[in-house]
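Structure record follows, encoded as structure tokens.
Each chain gets a letter, A, B and C, in the order it is written, and its residues are counted from 1.
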Amino acid sequence: MVVRTSSSPSTSTPAGEADPAGALARLRAASPLTQCITNAVVTNFTANALLALGAAPAMCDIPGEAGMFAGIAGGVLVNLGTPTAEQRDAAREAVSAPTPWVLDPVAVGALPIRTALAQELLAARPAIIRGNASEILALAGVGAGGRGVDATDAADDALDAARALAARTGGAVAVSGEIDLIVDAERTVRVPGGSALLTKVTGGGCALGAAMAAFAAVAEPFEAAIAASAVWAVASERAASGSRGPGSFAVAFLDELAAVHPEDLTGRAEVTR
Amino acid sequence: MVVRTSSSPSTSTPAGEADPAGALARLRAASPLTQCITNAVVTNFTANALLALGAAPAMCDIPGEAGMFAGIAGGVLVNLGTPTAEQRDAAREAVSAPTPWVLDPVAVGALPIRTALAQELLAARPAIIRGNASEILALAGVGAGGRGVDATDAADDALDAARALAARTGGAVAVSGEIDLIVDAERTVRVPGGSALLTKVTGGGCALGAAMAAFAAVAEPFEAAIAASAVWAVASERAASGSRGPGSFAVAFLDELAAVHPEDLTGRAEVTR
Amino acid sequence: MVVRTSSSPSTSTPAGEADPAGALARLRAASPLTQCITNAVVTNFTANALLALGAAPAMCDIPGEAGMFAGIAGGVLVNLGTPTAEQRDAAREAVSAPTPWVLDPVAVGALPIRTALAQELLAARPAIIRGNASEILALAGVGAGGRGVDATDAADDALDAARALAARTGGAVAVSGEIDLIVDAERTVRVPGGSALLTKVTGGGCALGAAMAAFAAVAEPFEAAIAASAVWAVASERAASGSRGPGSFAVAFLDELAAVHPEDLTGRAEVTR
């Protein structure tokens, strides 16, 4: 069964399906406080992407504050890109709060400290897991991991692994690739489009994880992951059209994130059971 | 009494009043070494803003070096946005030097570790305190703090708290808002203008604190805070006029910071006793 | 003897001389995994510069992972700009791998912890050392160091110091300045050109060190340092021509890095014995 998602309130959306347009409208209205425990490379771009999207970023990532802050945040991102000892403890605190959180298992499988931490954090059941195919395979215990931040497998290669992880957490799993794949225990969505230039800007994927955390404050995990992927696809396509290279693309991408309208997301994602 | 500030050396400026234009000319001539102990999100933008302004940034923030470096710097910023254990010790070292320093109490009041540290550092009498109204209220022991980096109070709501802090430190206090408010124990300045787009770029306010530290190397605290706020107002207005969104605004803001002339600051701030 | 470098495979290049054009072609083909242990200010710009150049950046900088990662990376950068305790241990691990690595001794001479660490790391023989004249003089034990990130000496003032360091490590030493100077134990190259705007963007020099690490994966140290400097000169000249200030320059520089062709490097560097 294939159901086109819709942004129009007058069009009936099947119960249980995703409404990314509605999610974006709610995000803009609520401006959810989004806590990011993320890597040193992408903090600035991530915060700017969240601001452009309409969320309120806060990079509170020290032990003794991270757990308390997670209690008042609307969504939390735990990205394992450069997990210092303090960040590891902050992540443990933050996932203990009842706030929905996103796990981005950067380079898990390839490197031991983050791999052990990711497995430990899984017990706290992330609402959404977002990674490339290599990372999702490694997290599920199937693959050996990539060579760091590069995906060396296609998104669909990780479909079974993603489904298994979703069954284990009860949440959603998003596999980034040329076509983004998003699953929960029962449903599958593919979000095509976007621009390859996004892979030439550091933090394009990491900021997508942060956007999923922001959406998780106003939507169920499956819908949140879809909405963020759809926004990324629209904004990156538009940004690419006027860019001369990766530098101007990154700037235009932030401009376009701020300009995406809920209705732009209509028909961007197809839910399959 | 209202006194218009002036950049013209031939116009007499009342003794004890502020001359932001003269301060900018001196900053450009001296290129003061400006040490920043600041949060991980904004280090890059802050350094670029200082370079564009004409200062020489240095993010020396580890214990064992920060105190020594503060001794040779012209001004020091201590921003509590992501205060790791090493940064907290580095801040303690740096404020022990006789160099003028700026305290930016990010999210103080809302989070315990930085709140305790801010109170401890206050004893070392910052030349300038810069924050949003919620942070200034919390630092003065009046309010409960905001929800992190967001200001939930108007600048003028913090006037009494700012005045009380200024009396305690003997320096200046700057409250960022739609209209920036700057006080010392006796004087008040409001700097209107600027652009709301600056609140959509992470680090807009944090970099303003760094600019105040740079100006503090060449001006008294009250004048330094005014000069930095006036430069921010001019550059952000000009940047906004040609921007398509927050991404292009941030780029244009750096361009405009480098292009601000001392005379552009004339009449930007009014001193009231 | 002066030998013009050449990018044409049909033109005979004297044995032992540098072929920056060939190095760039190889880098683009291999997309070498380039590990950066670098300072908090420039991580984002460095990663974006490496992506634009055609390399695959990975900022793996925690103990317990950095050494293992260095074993699979093609090149490693150790930049001492903000050396936290964890980064210092990570650097020790990384330089123990047999992978070619670049030392960027930021502010060495001026500050004690990084100065001691740089001397310790020297024993692991960096393939390339890159710094400004003040840093190279201080590392060689000749000068007193600069006031942080500023070069207060001209590149040629450090010629003897650079030669002495190269003799000690068996690698190359690059001294950044208005004209970049690159030496090994026997040869000298000067790379003129470039744009002064690059000094108004934080990380312009730090990212150059990262580019040298990427090139070191596909070229001998001397050639790698020349190739990176030549690419920087070409891209910064082109970026400057259409820029309104440091903000737009930084964006254009990333665009131009991605657009540099191997043949653009022809005649950019002259090798002298």
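We adopt the following convention: a residue touches a chain if its C-beta (ideal position, glycine included) is under 8 Å from a C-beta of that chain, and two chains touch if they have at least 3 such contacts.
Because the structure is a prediction, the values reported are computed rather than measured.
A rotation of 120 degrees, rounded to the nearest 5, superposes the Cα atoms of subunit A on subunit C. Under half of the residue numbers at the interface between copies subunit A and subunit B are found on both sides, making the touching surfaces mostly different. If you average the Cα atoms of subunit A and of subunit B, the two centres end up 34 Å apart. In subunit A, 40, 43-44, 84, 250-251 are the positions where the chain touches two or more neighbouring chains simultaneously. Interface residues of subunit B, counted against subunit A in their complex, comprise 39-45, 81-85, 107, 110-114, 147-150, 200-203, 243-248, 250-251.
Residues 33, 40, 43-44, 47-48, 51-52, 56-62, 64-65, 68-69, 72, 84, 86, 250-259 of subunit C are the ones that touch subunit A when the two sit in their complex.
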